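In what comes next, chain A is part of two complexes: it sits with chain B in the first one and with chain C in the second one.
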Partner chain A sequence: MNAVLLNSLVAAPFVVALLVMLVGRRDQGSGVGLGVVGSLAVLGWSVAAVLEDRSVDEVWIASMDVHWHLVLDGISAPMILLTTLVTFCCQVALVRHAPDCGGRADLAALLLLIESGVIGAFLAADMVLFFLFFEVALIPMWFVINAWGDPHDPAGRRYAANRFLVFTVLGSALMIVGFVLVRFESGTFDITQVSGASATAAALVGIGLAVKTPLWPVHIWLPDAHAKAPTVGSVILAALLLKLGTYGFIRFWLPLVDPDSAILPVFAALATVGIVYGALACLAQTELKRLIAYSSVGHMGFVVLAVASYTTIGVQAAIYASVAHGLITGLLFFAAGAIKDRYGTGDLHELKALYGAVPRLAGVLAFASVASLGLPGLAGFWGEMLAIRAALFPHEALPQETFVVLSVIAAFGVILTSAYFLRMMRITLQGPTLSEPKADLHALEWLAWSPLLILTVLLGVAPGLLLKPVADAMAGVLR
Partner chain B sequence: MKWVTLLLLLLPFTTAAVTLYAGHRNEGAVKGLAVGGSLLTLGLAFVVAVPQLGDAAPETSVFTKTDALEPVISLATHVDQLSAVMILLASIVSFLVQLYSVGYLHDDPRYPSYATLVSIFTGSMLTVVMADDLWMLLVGWELMGVCSYFLISHHWELAEARAGAVKAFLMTRTADLGLLFAILLIGDRTGSYRITDAVVSAADFELPALLLVVAVIGKSAQFPLHSWLPDAMPGPTPISALIHAATMVAAGVFLVARMYPVFDADSLTLLAVVASITMLVSAFYALVTNDLKRVLAWSTVSQLAYMFAALAVGAWSAAVLHLLAHGAFKALLFLGAGSVVHAVGGRTSMTAMGGLREKLPDTFTTMTVGFGALAGVIPLVGFFSKDAIIHAGLDEVRHHEVIDEQAAWLVLIAMLVTAALTVAYSLRAWLRVFFGPVDPDLEVHESPATMRVPLYLLAVPTVLGGLVFVDPSQVLGERGEESLFHGSMAIAMTALVAVVAALVLYVWWSNDGADPWAPPVEELQPPEDLVYDVVLVRPLHALARAVVIHDREVVDSYANGAGASARGLGWLLRLAQNGSVQQYLMVVVIGAAAIAVAAGVLT
Partner chain C sequence: MKVQDIDWLAVAPPLVLAGAAIVVLLLDAFFGPARTRNQAHLPAVLTVAALIGSAVTAGAMWDDAARSTFCIERPLEGPLGCSFVVDRFTLVFWAITLFGTAVVALLGTVAIADGRTPQGEWNFLLLSSATGALVIAASRDLVTLIVALEVVSLPAFAMAGLRHGDRRAAEASLKFFLVSVISTAVMLMGLSLVYGATGTVFFDQLNATLAVVDDTRTVAVAGALLTVVGLAFKVAAVPFHMWVPDTYVGAPVAVAAYLSVVSKAAGFVGLMLVLTYALPTFADEWSPVIAVLAALTMTVGNVLALRQTHAVRLLAWSSVAQAGYILVPFGAVSGSSVGREVLGASIGYLGIYAVINLGAFAVAALVGTRHHAQQLEDYRGLVRGEPGAGWALAFALVALAGLPPGVVGLVAKVVVLDVAAGPATWLAVVMAVNVAIGLVYYARWLMVLFTPADDGQASRYDVPNAVAVAIGVTLTAGLTFSIFPGWIVDNAITVLG
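Presenting the complex of A and B:
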């Protein structure tokens, strides 16, 4: 019974996607409607599956010893729930916002296809399975950016989509080479059976995941992809696809690395540079979606810094920051998309005093901004605070002073983050002259966004909700 | 009682949610909700706080905790005498401010969001003063900061409001890193994040205590982070009274008082030096500032420094009582200033005022009491609290039990000079607002009752608060001394007040009744701001622009394949030959991280 529950969690979005596409041929509207209902069902299904909390392990490709090994534990469960929730929110958002080029049922179907891949990757405990599901999630995203991206810039969106695909596939290639090395060394693709790997294998897997997360300096595919994608595409990219990288670091990288080697401090340093670099890049951005995109570089830096501390608290911080980033950045992209829909531009200097022009929408953007800058009492705080704490007190085999320095630099990154969000709010939300007032938030927008709003507050005041399950699932992750 | 405490914590946040929801649907209902909610909070505050005054045993409650972390994070409160008086101060002032705001913002379209933020602020302040868990304290601490940011920029169409809000938030948040790291270190060294555990622990608190001093320097606007508070004055005046005078900025003093056993001689010496510089510098600014609200803001900075100085010389109860006294009379002064500003059509510069005593009789009476208390006129409350602090300073010079002798002397001299300056600037502001020639074109009218009633209510503790000093243990329990009233000191201080007042009046009179300290320019800007701008803000923005260009041109080059190595090398060569400062700075950041790693890995 458990096997059915888990297997169908992967299969269900795929089936719904096909149905949406079929129905969408006749009538786009009913296709999207089906997408909403279907993704809600998947959300319900994922809650049921999480409550069961079991795993599936069957031989899949016997000749290569690849197992269909799915694990739903305290580490994957938050990511699964985030995935099904954000996908549902995106489906609801599509009901009202028909893309100019049409085909929104197809877009809805592609998002569901991505969901299927992402769920599979979050559940996989077999390295080959993780790789395959990862690719399943990537390819549809190329279509999403390429076909539904920025309507004003067809060349730019094609460039962004191609670069996204080239980079992430390159990352995957390095990762799979690393996985094959691990297979030679320890005789299995099953990560739960692996304890340790050579430095080369760990480095290859790490670099592959670094591209996907992304980590400085291989982040450069990200700003274009996020800025050119349609709103729902940006939301899925930021909230879910980046998390494949961070989750991969926790599940498939930590068991490979040797805490005595230099690889952890190096990754921690890259992450810290990314925090400062991303924040500085944001400080000089003039476009709203690019700013939010760069902010992800900084936030992912905190996640990797936490992971690199090689502690239970680090993993808790990484999961917390990943989920919080998914909720908050999803909300930011939704708000930025709503502003672009209304004003046709995301240029900070062309948007004026939105507090006066569209007060509720501006209020949501302000809320998401203060959440993203890590205000205590909202979800973003605990992940970053715990990341700093993890870096301040890392695993005993790691160079302590190095990590102390990195944690202090990271903490100053928090101040830079505050600075660029306040700058953005000062330019676009406040000011003496108003942009033309437009229709404020629609009921469907409230519906699509409210789960994210509510969870951002809830995870801000009740950190135990997410810390406990992760702590319980830590066996086997660290040596 | 435990659940009443929790209810008191949740009520302001609930009020905020309901107020926000009601929003523009019904203007009258919003006002009722805001005032009613804060009245209910005030009632609960009395129920929770009053039994804890005097000799009562502190009440600690743990509501929930997460054991997934070591040390655990808990939702826990600790209500002792200090919390109790702070609860009363916060809830009384915020109720009066909500009441006053109904009149002050009667036709403001942004009233619903304003009232919501004031409620959230009240809840945050109560969280800070009741928290036993340090993380819970940090949540309240920073929520206050963000409410302050939004309320300073209430008039976001004004450039100075936008700038002041950003400055306040960034300066305080930078200092808050001190609190963050202090909490992390305390947790690591004591195995607990509970304040009640930390204050009885024998762990080494040298570094955490210094970090806590950094945090309170930011929150309470002490040197060198003092300039954000005057710049926060474009916010609505009731907000200046509540947040930027009576409660939030005083939270820094509260934090030191709360965690007092953690502070050792080093951190108290640092606090003493910071407080001495701050009180002098800001009292000087208060004397030469034209804007009435900025005068009061500088005076707040100076009086907060007084409280820190008291804590630094070991006068715990005098500091706490001065905090309360200041909360009352400074809230009174700000609300009175709001009434004056309201009357003269929204202008805050004292050049727009003068001769208002007959036109604003209620404001004049109450503000006179407030200025008197600030100056330390007998028998108003400020007289007693200031005397107690100066007496403690004198004691410290004689015995130097807490800090060393030089620091004690510095504190004492700074306190005496500041006391004299305080008399001078209070008298000057009072004369400029209420005396002198009247602008004949001015249509002046006294404020509505909702604004005048809070003034009289705040005048009551300002006049009668001195009674507490006869026997502070009635309020503060065993931590309050038997008496903080010293006869000889009272005579000396009254003489000082009289002499300075006579001097000011003489100078004034010999200057033909005009203000002798009117600044040559409209407003003086502290030179530290220029330093921050040149050393920090501009390089950061230049660096940010460099990063964007770098990202587009250089990092892109390796993505674009063929030219990658050549161009990357070219960049390095260019940098070596004629690289700009910004690029060097980025290299320094990357280099610092690289060196940190190399040092750690290779050794």
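Presenting the complex of A and C:
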């Protein structure tokens, strides 16, 4: 029964995607409707699966010792729930929002395919299996950007899609080289049985995950991909695909690294550079979606900094910040997409006093912005706070002074983050001259966004919901 | 002197093909050109039947221990010399060859419509060449090996140029012929040096002799390197690849498919036999050389494929790059720690590559019936217009790129990386970078398939039955192996254990 529950959690979105594609051939609208129902069922299924710790372990390729090994524990459960929830929200969003180029049901089906791969990656405990699911999401996402991206700029969206694809595949190819090197050294692909690996292997896996996360300086594919992707594509990319990188760091990188080696401080330093760089880049942005994309670079910097502290609290912070980023940035991209739909532009200087023009939409954008800059009481606060605390008190084998300096710089990054979000809100939301008033939030938009809004508040006031299960699952990840 | 005993079951698979070749040729000679469309299909039907018969006899040996025949007693002490051995290694290559040839035979029928390719001769040549490909996998001495390799190549020249009144095909054939003759000459030179240094042509005895000789070692090493160069032409490794794009583009698509799968597999068999059966003692000498060749081959193939707009030329460069991946495990062999069993990864990759590459060529053959120019733009909207072929090509392309849902291609890449990481980590990293480069052109083609045609309706095809079968078989095999990669990988990578 365990096996059926877990395997079908991976397979269900895939099957729904095929059905949506078939039904969509006849009628796009009912295809999307099926997508909503299907993704709701998957959401319910994932809740049922999470209520207990479960695992499946079958031999898949005997001669290479590759196992179909899925594990659902306190680290993967929050990510799974985030995945199924955000996918459901995106399906609902598609009901009202029809892309100009048509093919709404195909878009819904591709998002479900991505969900299938992301769930698989979050469940996998075998390195080859993780790599496989990691790759499943790529081709669909590439199609999403390439075919449904920015309608005003076909060449640009093709370029962005290809850059996304090549960067990610390069990263994951280096990652699999690292994985097979681990198997060469320790004789197994099963991450739960691996304890330690050579510096080369850890570096290769780390670089591969850094591309996906993305870590400075390999983040350069991200802003373009976000700016050109359709709204739901941006949401999925930010809320789910980036999390494959951070989750990979926790599950598949920490067991490989040796806390005595230089690799943790190097990644911590890159993450800190990313925090400051992301914030400074945001201050210079004039386009809403690019600004949110660069803010992701900063937030992911906090996650990696926390992971690199090699402590339980660091991993808690990383999971917390990942989930919070998924909820809040998803909301930000939804709001930015809604504004772009209404005004046809995301240029900060062309949007004026939205508080007056579309008050509810502007309110959601303001809410998501203050959540993202880490206002206490909302979800964004705990991740950043815990990350800085973890970096202040890292594992004893790590260079303490270095980490203290890094955490001080990261704290400075928090201030910069507040600065650029407040700048953005001042330019677009407030001011004397009013943009033309448009239709405010639609009921379906409320429906699609409300789970994210509610959870942002809930996790902000009750962080224990997420911190305890992670701590319970930590045995075996750190040495 | 006693008459040699021949193990007839062991030699049955190539004999069946050779017999069928003669039957096909005689039928054509006695009954003349086909009068109806159904009659024109007869040679292809006979060919496929012969291939199935051959496969059945080969399958009967799957569970047996290795069978040896054509053996001679050695006057002095030393291992028994056998020219023809059927073991798991042989049988796995036979499976690849028979499958590949059957698909090519089916694809060959697209030429019936234009009536410029005599079907009798074409199938005769195909069966002859396939006979050579079977023999080479069983050969265990240098003379049998080189004769079998020539039996593979000679009919292939004619196949490339068989279409009447096609000057490009003739040119392709000539270019292919010249390069092949040169490579054979180089290889013969190398083999004669090896023979001169050791006094034997049997692989086992060569290995035993080379392990002890000291004074003629230099000559033997030189001979080994020349042999590697000769075989590198056959597998189209850089810098011996220049003939590939022009030949593939000039020849009919079915011949390009044959060259890229069966003929290439024969080259790899030769390389494996010579290097790992005869020259394992020199592994420390040839392994780094091949590692460099592999790195060059995949890089050049992928980079040059980037700018191609001609579908078959793109597949040609991609097959050069794929040959580079297949060579990677050769670069991970070393004389001391890692033995020849790592080459099982090459066999696994080759088997998977055969299935998915034939799938791509099968669709290219179909599109070629309407668009002789084979431009990538001609594939626009194929998924809408001709869903069966469109999805099959899409699957083949993502599998060649090594991405899901082409899981089988991804597993193939992991299999190769798995043996390379560790002994030759740098080569594994080069391969990883190449996988990313390769993705660009596969993705470009993939996008064209899904882009709706300008006028709203894509070309529709009158799909010949044989081509539909070829597409269906390769797609089914690819999908099955994607779900159960162990079925192909487990059998392939343990045969050299």
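A few comments on the model shown:
Keep this in mind: the second predicted complex is superposed on the first by the 479 of 479 C-alpha atoms of A that agree within 3 Å, B and C clash if a C-alpha of one lies under 4 Å from a C-alpha of the other, contacts with A are read in each partner's own complex, and residues count from 1 in each chain.
Methods note: contacts are C-beta pairs under 8 Å (C-beta built on N, C-alpha and C of every residue); 3 or more make two chains touch, one makes a residue touch a chain.
Here the structure is a predicted model, which is why all the values come from computation and not from measurement.
Once the complexes are laid over each other on chain A, chain B and chain C both fit without any clash. When the two structures are aligned on the shared chain, A:42 is found in touch with neither chain B nor chain C. When the two complexes are overlaid on their common chain A, residue A:321 makes contact with neither chain B nor chain C. Once the two complexes are overlaid on the shared chain, A:143 sits against chain C while remaining clear of chain B. After overlaying the two complexes on the shared chain, residue contacts for A:467 are found with chain B alone; chain C is out of touch.
By the document's definition of touching, neither partner reaches A:239: not chain B, not chain C.
In the superposed pair of complexes, A:276 makes contact with chain B only, with no contact to chain C. After overlaying the two complexes on the shared chain, residue contacts for A:21 are found with neither chain B nor chain C.
Which of chain B and chain C touches more residues of chain A is settled by the count: it is B. Superposition on the shared chain A places chain B and chain C such that, viewed from the Cα centre of chain A, they span 160 degrees in steps of 10.
Of the two partner chains, chain B is the only one touched by A:419; chain C is not. Here's the short version: in the overlay, chain B gets within 11 Å of chain C at its closest Cα pair. On chain A, the surface touched by chain B in one complex and the surface touched by chain C in the other have no residue in common.
Looking at the complex, you find that chain A touches chain C at residues 60-64, 117, 128, 131-133, 135-136, 138-139, 142-143, 146-147, 158, 162, 165-166, 169-170, 173-174, 176-177, 180-181, 183-185, 200, 204.
Residue ranges on chain B touching chain A, taken from their complex, read 64-69, 73, 113, 135, 138-139, 141-143, 146, 149-150, 153, 156-159, 162, 165-166, 169-170, 173-174, 177, 180-181, 184, 188, 540-541, 543-545, 547-548, 551, 555-556, 559, 586, 589-590, 592-594, 596-597, 599-601, 603. Residues 398, 403-405, 407, 410-411, 413-415, 417-418, 420-422, 425, 428-429, 431-433, 435-437, 439-440, 443, 446-447, 450, 485-486, 489-490, 493-494 of chain C are the ones that touch chain A when the two sit in their complex.
Partner chain B is touched in their complex by these residues of chain A: 163, 167, 217, 220-221, 223, 262, 265-266, 268-269, 272-273, 276-277, 280-285, 313, 316, 353, 355, 363, 366, 370, 375-377, 381, 385, 388-389, 392-393, 398-403, 405-406, 408-409, 411-412, 414-416, 418-419, 422-423, 426, 429-432, 461, 463-464, 467-468, 470-472.
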